[in-house]
Every structure is written in structure tokens, then in C-alpha cells.
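For reference, the structures are reproduced in the following blocks.
Shared between the two complexes below is chain A, which has chain B as its partner in the first and chain C in the second.
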Partner chain A sequence: MRPGSETTGKRSSLALPLLEVSHLSKAFPVRGGLLGRTIAHVRAVDDVSFVLHAGEVLAVVGESGSGKSTVAQLLMHLVSRDQGSIHLEGASVGAKDGITVRQLRRSMQIVFQDSYAALNPRLTVFETLVYGPRSNGASRHTSAMRAEKLLDEVGLDPARFAARYPHELSGGQRQRVNIARALSLDPRIIILDEAVSALDKSVEAQILNLLVTLKRELDLQYIFISHDLNVVEYISDRVMVMYLGTVVEQAATDAIFSRPRHPYTRALLTSKPTIDPRRRTTELPIQGEMPNPMSPPSGCRFRTRCPFADDVCAAQVPRTITVDQAANHQVACHMADPLSSHSRAAGMPA
Partner chain B sequence: MTLSVALESMPTDRAAVELERVGVSIPREGQVLQPVRDVSIKVARGETLCIIGESGSGKSLTLRALIGLLPQGATMSGTIRLAGRDITKLSADERRRIRGARIGMIFQEPATALDPVYTVGRQITETIMAHEISSLERASARALELLELVSIPNAARRFHSFPHELSGGMRQRAMISIALACQPDILLADEPTTALDATVQMQILLLLRKLQQLMGMSVIFVTHDIAVAAESADHVAVMYAGMIVEMGSAEEVLLTPKHPYTRALLESRATAARRGQPIPVIPGAPPNPGDFPNGCGFHPRCRFAEDICKTSEPKFQGIDRHRRVRCWMAGTAPLETLS
Partner chain C sequence: MATLDIPGGQPDLLRHVRRRRRGTWRRSAHRILHDPVTLLAAAILLAIFLAVLFAPYMTAYDPYVGSALRRLRPIGTPGHWLGTDEIGRDIYTRLLFGGRLSLLAGVTPVAFALLIGGSLGLVAGYGGGWVNTVIMRTMDMFYAFPSVLLAVAICSIVGAGLTNTIIALTIVLISPIVRLTESLTTQIRSLDFVLAARASGASTVSILTRHVLANVLGPILVYGTSLVGLSIILASGLTFLGLGVPPPEPEWGAMLSSLRQAIYVAPINAALPGAMIFITSLCFNLVSDGLRHALDIRAINETGI
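Right, the complex of A and B next:
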């Protein structure tokens, strides 16, 4: 546990969060040499804490290698966590007095980027959609009725699509099937891991509209993992920015986009391309690329690319500071920390 | 670095590259698909043309026709001229020589375009030696210069790296340096930044802009991303169902689009301003080359479509010299008043 991370326990809302993730960590072993021994560990997710409240869309952004997809896999228990806790509506996942992984997956589902790889090529759309309800004890008849309703909900005509195989569908249609399957057990939360990124732009907009409608009608919450900041700004209520396995900043969407505090968030925002040819980007957002996660920099992991890096950034891991209670705006940067010895401490240039 | 003689002696009054009524046909299961039809474009020296299109629009095949890398069995019609010279009439050998020396190409996936078993330095050196008379020593020195030119840090060390030892951004830079190895007049780029992170994407776009100014190349850039076009294009061509439907300067096409497809594409973007409201979308999906509609290829998805759009293919009309639209309704009252 890092110093100062207790601030993540403070919540702006008094209501019990739907999902509470605390100090989540995962290190993957790296094998090498002749005998395939473990030679190092990649700390893919390191002390990640966040909450998801009812009705919210939480976006997770960051470059590839930032750990955002590993967070999704840890939430779904597709990989097991090393440390940390996940509470769903107050119940601890995997604990003796909590809920089982099976129960968790009824409440939380995931849709992946590759719509084709995510579907079993030997099952028809109908078979895919009845699989979950059937294996959770629903009758044949109930499951069939449910499948038909789900297809309607995601905008696919059951009469035309139920008997088709995945290869007989377009990318957008396949992603609709994946969304229908995610909905088949009435989840509260859906994790969308770059779920619209591989689609054609005209189809992406359709799927985004569908997601917004479904959220409203079915009372859903989303964890929306994306690299497209325009889409994030459109759909999310909160944004969590990750870098090399750690959360560097999180806040309400408006606060992130209008008052970003972390230099990495600022760099990400400048790299958002314009669609107005008269306003081309002229300044380079940041130099270089993410360092090798097997040997992350000491102290602040972003310091090797940060234009403001100071001695303290190499020496100490920055504390997570709440800079704005109303927006629940948290930043892990020495410059935002009034107690740090950084020369620009708490007085970052606007 | 000196610019090649070929480039210096090129007459400036001619387009560096010109495609005239280029089409691609692919026989499949008894029928003949025409994934690219009637594509005419001109790119002046030092200019960037972006071809915007969704999957199946024919944008990548157009590039492949230009460089002569069409899939097996595919045939090309029409004329391609490089600096005024018709290259479609040349022998296969001559075309190959021109392709390597005068045209460079970068692809979306540098990981698959680079050879995994040779070092980056060797691959660049080999390209130089295949096209220019050069000693190994001189070719290697030039390869190192190229790696420095594309801003690869520690170029001397990276020279000996294998592709898998480089990050995605570094691999794309290495591939750009191979494409530039023979100082091409024309650089073709097929979604070169799509697989990259946003920060790295912007680095590569700025790098390409800088290299183009430095070397005076013409660039044809294929992308599905309007923002990438806005960041790099002088001119824009929008492709749909195998044809160019709209063309003009980047400002004209992206700020005052005339074709219903271009308009809809620009409107159907998720933006902060639309929060909480549905995005205006184009219904349906782009068609595959096997089932391009009759008449105007866009008519089944077009809210302005009338009977004529379903039966006859619209001509590519000029609004002025560079600005063209392929739409029956362009300039008519319903399209102009509903914008």
C-alpha cells in the first residue's frame, strides 16, 4: 500500500457505491531462460482504487500497457488478483461472507473489442443467447423468450437473425449480439473494453446510441474502457486516467476535460486530434513512449516523460490528493501535493 | 541528405501522381466484383491527399493498384501516371523498379510488414542496396541517417534491434524509414496510425508532416478517421462503395461538405456537445463489394434519395476546378435547405 492512498476512501456521495474497488494489484510473472523460470514480474495493475455509483458511466483511459484491460479482467475474475478487494453492493467478492465469482458474473458482464473472437463460431445467435440463462437454471421456454426479447432490445429482428452464425453477421451486428449476450442475465454493470473501437465510424455511432438507450431503459452502469477521448467525453460521467498500471488522475468528466491536473492527462488531451483543418495540432503532446513495464521508473512512473519532473519525482511515489471534493477529483502528482518538496508543488502552471 | 536526381528533374507543372478512371476487378464465384470504380485523382508535388472511407469502400485497394500490389487474380483498368509518365504500359520489371525507387509505402501493422528475423538496420540497408548502386558501407551509413531522420532515439543502438524489440511507435518509425530509403517522390500510407495510441499517433502525424516538407514528397494517406485527415490533408477524397463521392480541399470537404454521405459522417460523431442526446446516425452499414447497390452506391442509406438515385449512377460533377461531388441531389433545394 502506498502512502496517502487512504484518501481514496473518502467519497463525495454518501450512498453506498454499487461497486467499490480498493487497492487492486496484479503482477504477472515473466518467464525466461532455458528452464523457463520466473525472472521478473510485471506489475500490470498497482494499487488501483475507484468506486462506481448507481447510474454512472466510468471511463478508463490510458495508452496500451497502462493496465486498463487488466483492470477489466480482474473485475470479471478472468485473472485472479494478488491484492485488494472488490465489493459489489457492499458484498465482498470471493470472501467467505461475500458473494461467489459466479454470482458476481451474473451482476457484471463484459463486451470485448473483437466481436468475432468473442462469439463461439459453432453456435447460432439464438444458441449463444440462451446459453447463459440455461446454465443458470432458466427453463428452455423462458430462455427462448428472453433471447427473442434481447434481440429486439439490441435492434436485431429475431426472425432474421436468430438462426445465423457469427460469420453471417457484419461487425456491428456481431457486437449487438455480444451486447445482447451480456444482457442475458440482467446484469447491473457492463464492462465495455474498447467495444466500439473496431467498428466503422458510421456503425460506431449506432452502437453508442444503443448503449445510451439500454443504460436508461435497463438501469445499467458501464465501465467504459476506451482510447477515444471524444467518445469518452460523450458517454461518461467520470474518467479514470491510468499510466503504467497506476491511476494518475480521476474525476467527474467535466473536471478532467476542463481542469486536468496531471501532466499525463494534459498530454493525452492535447493528443486528441481536431476535425477542423484550420486548427491543426502543432505542439507535440509528449515525447517518447511508455517505458518497459518490467522495469518501471522509481517514484512517479510518469517522470521519465514528464516536462516538470523534479528530484522528488524520482525519490517518492506521489500521494493521491483530492483536489476538488465536489468533482471527487483525485490526482497522484507531487505538484498537486502541498506537502511535497516539488518546486512547483500545488502551484502547477495553468 | 541529398534529394534524388529523379525528384530534382521532375517537371513541376505536372501532377506527381495521377490516376485516371482507375478500376479494379476481382473475379469471385462466377461473378466479377468491382471494388474500385472510376477513381480519378491528381496529387501535386509536395501535397497530401487523404482518402477517407469505411471498410469496403475501396480506399486501400486504390493504393494497392497504384503500387501494383493487387490481390491475385485482380485486374486493373485505367491509367496511372507518375510525373506525367504512364506506368500502366511498362513491363512488370520496369514497374517493380519504379515502385521501389519512386514510391514508398507504409502499412497499418508495422509488426507484420517488417521481417521478424532481420534487424531493422539490415532491412533498411537491403532496401537501399536493392534500388541504388551503393556499397554495403555507404548503404548502412544512409540507413542510420534515416533512423535518425525519423527521430528514433539511440538510432545507432536501434539499428541492431529486431522488430519485436521495438514498441509499436518505434516500429512504425522504422517502417517509415524503409519507405523513405530511396527518397521516393510519392509516399503511400495505409492507416499508418490506426493501431497506435493517441499520443504516439500524433507524434507520427507530426513526423510525417515534417518529413514531407523536408523531402518535398507527395503523400497519399488512406484513413477511416476524419480527424487524421483534418490533421494532415491538403486535399480530401471521400470514398464510398468503390467510388470517390466527394473531393476538394480539406477545408472545403470537412467544413462545407456537399455529399450527403460526407455530411452524415461528419454529423455522426460523438462529441461533448451531444452529451445526453442521441448521435444522428447513418442507418445500416457500408456495403461489401459483392453487393454494391445499383445507381448511387449510397442511396439505401441516404435520406435525400429519390427514384433517380436508385437507378442511375450519378456523374462526378465539378463545382469548381478541384471540387467535385458525385450526387444527383447536390446543389438541389432539399439538400441545401436541410443542411
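Right, the complex of A and C next:
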């Protein structure tokens, strides 16, 4: 049973989405040679579009190098995007009639994977927590009160932890501080960039429960970046699968886990560890390495590792097809496209 | 680990954190006080500083006036306990007055270089891009010269004298400080806590001082302290070559240079200024090591003092 799933569901398609990301792209220049000229581009994120509705947890999954974290940094405007638009509650970020990056950052915060690197070693927990509000003009007194409340909320006793330095905390405690810091500006969306991946399994469970509680109590939305499909299945309402900078499939969590359409998603689900010994792997695991993002394969980017690759896969970039309206299930694969010339285009199980 | 519980009632978080913060500094001091080597080195430096500062009260002789009748008296001569130099001046007196110029030429260039080099390194490291390229490649040009050669070259262009020595040494010392600051800043600016600070909407100035400088300052100051020793040696070297303070001004390098002629007659006398240079720069290096240890926030707390 996914927490909070009863609050989401059908209403989402009509209401204005909280966050709407369209055609987001970013290419990093690769410099080389004596003069440091740009010799190539790594297309880290290529034409990524998604929406986040109120009350939702959107999971972003994919292998390392699939562009998940770059999406997070683009959303936070820690790196500038080449193309695309980001709308928060209908207001375009960075546009004249929209909202500023600063305003966006008050509504959206990020928690990083490495809990230690994410905390300034010279600042106490208290100083870390008041820094954000103070930078945004809150008074000393207000931010101090707020810091105390935040520590309570993330389950750390203010009297014991406020004066500690990051190295005096355990990994789980540090991640709680990072979550409190993200909450300190009262955001609506929190990006969790592999925020629980580095923790021990037992601590991970505690932090996940904390996140679920906070979401309910504070009316939060999460963008949950992860490669752990078990965790994703537990916490998210929607799942977006990325491969080499592109979105290959996205749908409601149930649809992704019960009826995956893209061969990459199927392979990912196959590699998901299970504790049930009777469940046997029936699909082929993914073969080989991810291609070099500097020169991605033509057509479908997954074709070099896809067991079903056909001529059309090399020739054409697959269209994004909506295969299930109710689950808003979108997939970018020639096999799901009845109009493509792929030999299996009709033969895919529904 | 010190207990953090606050006696009685609801804790006032602000005051509690401040108290603890002071505690960290106190523990840094505590650590220095329990480090006999650093303590001894610091004490020797303090003694040298005080003696040099109050030089006129420490001796009965004039550093410029000698007597041909008592040239090159050995150590332990009554009235001249460190002997006399080649024109009969009291070596103890000249070491005291000479220390003024030597220490000045040792400390000032480092202070200037820290200020200029530190700022340049911070800008280069945090700015990145072409700003970094311009600053760092310029520094590489200076760095390509051996430090002594560069100091000699600058001094021969701008001329001899104390001010010019300080200018020359500042230029020599800037590039290694820029390099260190730049590499530390580059490391720190890509850490997640700086990204988080940017994401929280903090200004660049606030990020630079609160997050970058705070983590860079300790190592740079430690490095700067170790450079004082080098600076004293370089300053003395310049004077030794006749590019520093002109005679008859007392200065350790100049004394070494003039006493060199007497090295076969009175070798111990000739070695005295060199010993002063050696002791002072060694002490600066030892203090620098001690500071690095004491300021390391992790080392302090692991010992649980």
C-alpha cells in the first residue's frame, strides 16, 4: 500500500499542475586541446517533459548517467538549461511575466545523496538551519524559532542536536538535518536526489517513514530520484524512467510495475531484487554498458542494448505514445507505436 | 563528548549554540596548550619579538658603533657575551636591532601576499571560466621562476632597500598562495553544501564568506605561517647579495654577508646571524604545524576534550 495514494488519482488531469516541465534540455560542452575549445557535447538531458500534480510523489529512475541528477539541478537552476520551460503553478520561471529563480527556490528545495558533503563542516546544525531563512530576510528570532521546530519535525531533539557539528552526527541524523534544511524555506516541492540511497537499510526505512509523515503533515510534493525500485514502488505515485538523458516511459506507479511497455523498463524491473525465492527471472537482463553520451546511438537511444531492435529503431527517434489514458501512461518505443514499421509493433502484449 | 544538556527548563537554542561555539574555540586553545613543541616554538618567537621590539632597552651598546681594538672577540667575552664582529661591534646588539628589519621583511610580505593572493585565489576558484584562466596562467608565469631568482630579478629592477625587498617578496609569495587558495576553493565550491546554499537563495558574497572562505581560511593561514620562515630566509638572502637593506643597517642577512669574511678566523661568530634565521624560521614552521592540528575541527572533537 502506497502512502498518500488515496489523495491523488484521477483529479490530477483536470487541475492546473503544480509543476510543469516541458522540453527540458541541457548539453554540457566537452573542452579539449591546447586552447580549451569545445570539441563535443554531452547531451545530459534531452527533451524531458513531465508534470507534477498536487499531492504527488514523482519518482525518476534510471541507471547512473541517465541524467536524473541533471534534471534535479536544472529544476533548482543550479545549472542553466539550454532549452525548455519550467512552470510553477502556471507561472513561467525566468520569464518576464513569470516568477524569478529566487521565488522558485522558495517553493522548491533539494536534498542530496551525500549527507556529509551537503553540510558545511564549519556550521553547527542550528546555523545550517537558520542560514536559508536569514538569507531570505527572516529575523534572527523567527529563524531560531523555526530551526527548533524543524528539528522537532525531523525527529531530532533540539537541545541535543542544535549545537552539534556535522561530523558529530550519524548518517541518518545528518540526512534528517538536510531534510530540515530543505524544509526551512517552507517549500511545496522537495527534490530528493538519491536522498536515502547511501543509508543503511534500517535507517533508510526510518527516513522514508519520516518523508511520508512530513509529506502528509506539511502538504509536500516530492520528486524522488532513485535507482532502488522497491523504494520507488513504496513511495511514489508516478514513475518516470530515464535512459541516456531521455524519458523512455512514464506512468502511474501501478501501471509501470504491472504493465511496463518499454523494453528498458522491463529489464529494469527484472533486475529488481526480491525476497521471494519462487519468483524467477523470465526476461533477459540488460546487456552491456550504457553508450557514450557524447555520441548517442541514432534513432532510439536504447537500441544498442535492446533485444528487439529493428531497422526502424536505428532510423527514427521513437514518438512518445500515450498507451493508457487513465494512467497517463506514455512510452517512447517503436514497438508501442502501431504506425511504426517495427516487426513487433502489433505483437506487443497489451 | 561534552554533555549538551542544558540544566533547567526550556532551552534557549540561540544562547545554547553560542555557548557551544565558544567552547570550540576554547578547545582549540586547549589543544595548543597541551602541545609542548608548538608552545615552545611560540614562546621562543614571542621572546624574539619582545627582545627585538625593546632592543634599545636590552643592550648598552650602539649597533652602528664599533672599535677596531676589540674586533672578532669570541663568544663569552665579558661585556660582549656573543662576541664582536669584524669591525668590533657587539654582535648581540646587532642581532637585536637586525631582527627588527629581518622580521619586518619576513612577516609583511606574507601578510600582503595573503591578502592579495587569497582574494585572487578565491575569485579564480569560485569564478571559474576565463577569470580563472587569466589569473592562474599569470600566476604560472611567476611560478615558473625559482623564488630566489624572481626576488633577485625584481629587486635588481626596482632597486635595493627595505620597501623594495618587501614588494619583491610579496610578488614572489603571491603565486603559491593563489594556487593553494584556488585549488581549495575549486574543491569546496562543487561540494553539495555550497549547491544547497545557492539553492536556498543566498547571495554570492554570503556564500563566499560563510561557506567558502570559512573552510579555506584555516589551511591558508597555516600555509602563510609556514611561508614566514621562507620569507625571512629570502629577505636575508637578498641582503646577503647586497639587494636588500644597505650597510651599515643591521640585518641578519647583511650580518651574515659581512661576517662571512671572518669565517676562518671566528667561525662561531660568523654563524650567529645564520643561527637566528634558522631558529626563527624553524619556529614559524613548528607553530604553523601546531596551528593546523589545533584548528582541525574534526581532530579537536575526536579526542573528546
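Brief remarks follow.
Rule of thumb we're sticking to: the second predicted complex is superposed on the first by the 326 of 350 C-alpha atoms of A that agree within 3 Å, B and C clash if a C-alpha of one lies under 4 Å from a C-alpha of the other, contacts with A are read in each partner's own complex, and residues count from 1 in each chain.
Methods note: a contact is a pair of C-beta atoms (placed from the backbone, for glycine too) under 8 Å apart; a residue touches a chain by one contact, two chains touch by 3 or more.
It should be emphasised that the depicted structure is a prediction, and the values quoted were computed from it without experimental measurement.
If you put the two complexes together on chain A, you find that chain B and chain C both fit without a clash.
Look at A:201: by the touch rule set out above, it reaches chain B but stays clear of chain C. In the superposed pair of complexes, A:118 makes contact with chain C only, with no contact to chain B.
In the superposed pair of complexes, A:91 makes contact with neither chain B nor chain C. Looking at the shared chain after the overlay, A:138 reaches neither chain B nor chain C.
After the chain A superposition, the centres of chain B and chain C are separated by 70° when viewed from the C-alpha centre of chain A, nearest 10.
When the two structures are aligned on the shared chain, A:167 is found in touch with chain C, with no touch to chain B. Once the two complexes are overlaid on the shared chain, A:54 sits clear of chain B and of chain C alike.
Using the contact criterion defined above for the overlaid structures, shared-chain residue A:27 touches neither chain B nor chain C, since it reaches no partner.
Superposed on chain A, the gap between chain B and chain C at their nearest CA atoms measures out to 7 angstrom in whole units. Shared contact residues of chain A, touching chain B in one structure and chain C in the other, are absent.
Within the complex formed with chain B, the chain A residues making contact are 63-64, 170-173, 200-206, 208-209, 212-213, 227-231, 233-235, 257, 267-268, 270-278, 280-281, 284-286, 288-290.
Residue ranges on chain C touching chain A, taken from their complex, read 1, 4-6, 11, 13-14, 16-17, 19-21, 133, 191-193, 195-203, 206, 210-211, 214-215, 297-298, 301. Residues of chain B touching chain A in their complex: 54-55, 153, 167-170, 197-203, 205-206, 224-228, 230-231, 233, 250-251, 254-255, 264-266, 268-272, 274-275, 278-283, 285-286.
Of all residues in chain A, those touching chain C in their complex are 36, 73, 76, 78, 102, 105-106, 109-110, 112, 114, 117-124, 126-127, 131-132, 135-136, 140, 144, 147-148, 158-160, 162-165, 167-168, 178, 181, 184-185.
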